[in-house]
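Two complexes, one shared chain (subunit A), two partners (subunit B, subunit C).
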Partner chain A sequence: MRGVRPVADETGMALVETLLIAIVLIVPVMAALGVLSDLHRGALAASAAAREAGFEAARSGSAEQANLAVDAAVQVAFFDHGIDARSANVRWTGAPGLPRGGVIEVEVAYPVEVLQLPFVGSMSEPRVWVNARHVARIDPYMSRE
Partner chain B sequence: MKRRLVSQSGQMSILALGLAMLLFAVAGVVVDGTRAFLFRRSLQNAADASALAGAGEVDVDAYYETAGREVILDPLAARRASLEWLARRSLPAEAAIAADPNGLRVRLQGRIDTSFLALIGMQSIEIAAEAAAEPVD
Partner chain C sequence: MLSEPERGSAPLETVFAIAFLLLLVLGAIEVVWALYGRNVLISSAHEGARAALELGRSSSDAVTIATRSIEQSAGALVDELDVGVSTETVGGRSLVRVEVSGVLTPRGPVPMPIPVRTAATVSRSATPDGR
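After this line comes the complex of A and B, so read on.
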């Protein structure tokens, strides 16, 4: 075929440029979006866990019952968000005997691994801790058996 | 017909850069959106707990006078309890509490600063949450 051929030197240039830009810019942005979604999920799970644990503890008749109720509420909340609750730190406080009208305070912290590599998965470090806190009131007229 | 040959070198870079900028903008919206969403969730949790705390302030005199037939709120005490519960959360939000004998309504309104949306002129986002509660027998 006669005529002028396209510039032969440019063959494959687009591929090289795309790969270069993808590695430098697009892959890090995609990775950052992945980490952000994990952080969001962790924060949502922690806030749901703190809220439910607070409500459940405020309805418990004793500290032992409240302990069980808090653990169960946290497990369910994290499970609902597709997260294993074992790595979450949960702390709740309330006046001894959980008096009617008293305060229940729940704090939930969950570590999110921010370093995730393709085909390798998440690394144990570094981590970002997401925290949630909820304060609930024990019903002043709650009946107890 | 002869076509002019122009070097196409660098064209993909421009295309890919445009795509990267688009992704960056999406990431920005995600960051600010997530922050707004989480803040709204905090406000809603606080409003719910505050409304429930206020709804526990039953008018005891009215209750005994009617031999337990009427369960109504003591609006002043309900408002006080509700505010006390909000103070425990110390959230950066303004509270509006409307209480009457039938129940109370808590509205929280706050504002968060944006990071990426500020680049297009949206410096902050206003967030509000509302909760209502009433005493039940």
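After this line comes the complex of A and C, so read on.
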């Protein structure tokens, strides 16, 4: 037979080789599952933070109070989900003076680090940004001091 | 030169290999269920606390809503579910804290009960009557 050379002296066990390959494959799979879980948790935390922040901002008497209330609400919501809120981006908009009957829109974005290595932690890049948006209406009959 | 005859049964080894791979895949799915259940517990605690904070609602509403949320989203994954609510007024703000605990029992090849305890706190300005 030309071009085909019999292989000599090969030994091994298919089972052992399969197990080795399986273990090598399972590590990235487990890492990917961890990232998916973080994405899920980040989405829940971001939506809760946006909702809480909108709720608080809509009950604030001024833009300064709303700023403080939004920051506090976002921090608590992320903390409850076991996430550090410092990496989250929060933005809220509302009509000047926060008039009664107006709306306040809150957007929260949270980055989930995709590359997370065991015993090393997460890398700064690449990231997947999870966004949440909530629109709250200011009570038209709200009393203010 | 031809190789020496190798001893072993290819079908038998294949069966073992497939069984092991299946165990790994099902185990991975089990881990996913556990992570999902944990996230649901955390989020449900927040839902309950948010609900209890609305005017006209009480602590029992928090328990009802958190429990319902967990049962609808991950009822088959959580055993020994316990929802506790505490309310207090601090510095002119009403605080509602919902604590949820349970044992995650994700379905899979390896029995893996995971105790989970989580809490959520929300607040708002207290009403004049202190609620």
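One rule holds in what follows: the second predicted complex is superposed on the first by the 125 of 145 C-alpha atoms of A that agree within 3 Å, B and C clash if a C-alpha of one lies under 4 Å from a C-alpha of the other, contacts with A are read in each partner's own complex, and residues count from 1 in each chain.
One rule holds in what follows: a contact is a pair of C-beta atoms (placed from the backbone, for glycine too) under 8 Å apart; a residue touches a chain by one contact, two chains touch by 3 or more.
Since this is a predicted model, take the numbers as computed values, not measurements.
Colleague: One more residue to check, A:Val103. First (subunit B), second (subunit C), both or neither?
Modeller: First partner only.
Colleague: Could you tell me if A:Val128 is touching subunit B, subunit C, both of them or neither one (first, second, both, neither)?
Modeller: After superposing on A, A:Val128 lies clear of both subunit B and subunit C.
Colleague: According to the stated criteria, A:Arg59 is in contact with first (subunit B), second (subunit C), both, or neither; which is it?
Modeller: After superposing on A, A:Arg59 lies in contact with subunit C but is clear of subunit B.
Colleague: Which of the two partners, first being subunit B and second being subunit C, lies in contact with A:Arg51: first, second, both, or neither?
Modeller: A:Arg51 sits against subunit B and subunit C alike.
Colleague: Give one of first, second, both or neither to describe whether A:Tyr141 is in contact with subunit B, with subunit C, with both, or with none.
Modeller: first
Colleague: Which partner chains sit in contact with A:Ala14 here, subunit B, subunit C, both or neither? Use first/second/both/neither.
Modeller: both
Colleague: Could you tell me if A:Val35 is touching subunit B, subunit C, both of them or neither one (first, second, both, neither)?
Modeller: neither
Colleague: Let me check the overlay on chain A: which residues of subunit A are in contact with subunit B and also with subunit C?
Modeller: The overlap between the subunit B and subunit C interfaces on subunit A comprises residues 6-7, 10, 13-14, 18, 22, 26, 29-30, 33, 36-37, 40, 44, 51.
Colleague: In the complex formed with subunit B, which residues of subunit A make contact?
Modeller: Within the complex, subunit A touches subunit B at residues 4, 6-7, 10, 13-14, 17-18, 20-22, 25-26, 29-30, 32-33, 36-37, 39-40, 43-44, 47, 50-51, 54, 101, 103, 105, 133-137, 139-141.
Colleague: In the complex formed with subunit C, which residues of subunit A make contact?
Modeller: Within the complex, subunit A contacts subunit C at residues 6-11, 13-15, 18-19, 22, 26, 29-30, 33-34, 36-37, 40-41, 44, 48, 51-52, 55-56, 59, 76-77, 80-82.
Colleague: Residues of subunit C touching subunit A in their complex?
Modeller: Within the complex, subunit C contacts subunit A at residues 1-4, 6, 8, 10, 13-14, 16-17, 20-21, 24, 28, 31-32, 35-36, 39, 42-43, 45-46, 50, 118-125.
Colleague: Using the touch rule from the top, collect the residues of subunit B that touch subunit A in their complex.
Modeller: 2-3, 5, 7-13, 15-17, 19-20, 23-24, 26-27, 30-31, 34, 37-38, 41-42, 45, 48-49, 52-53, 56-58, 81, 85, 88-89
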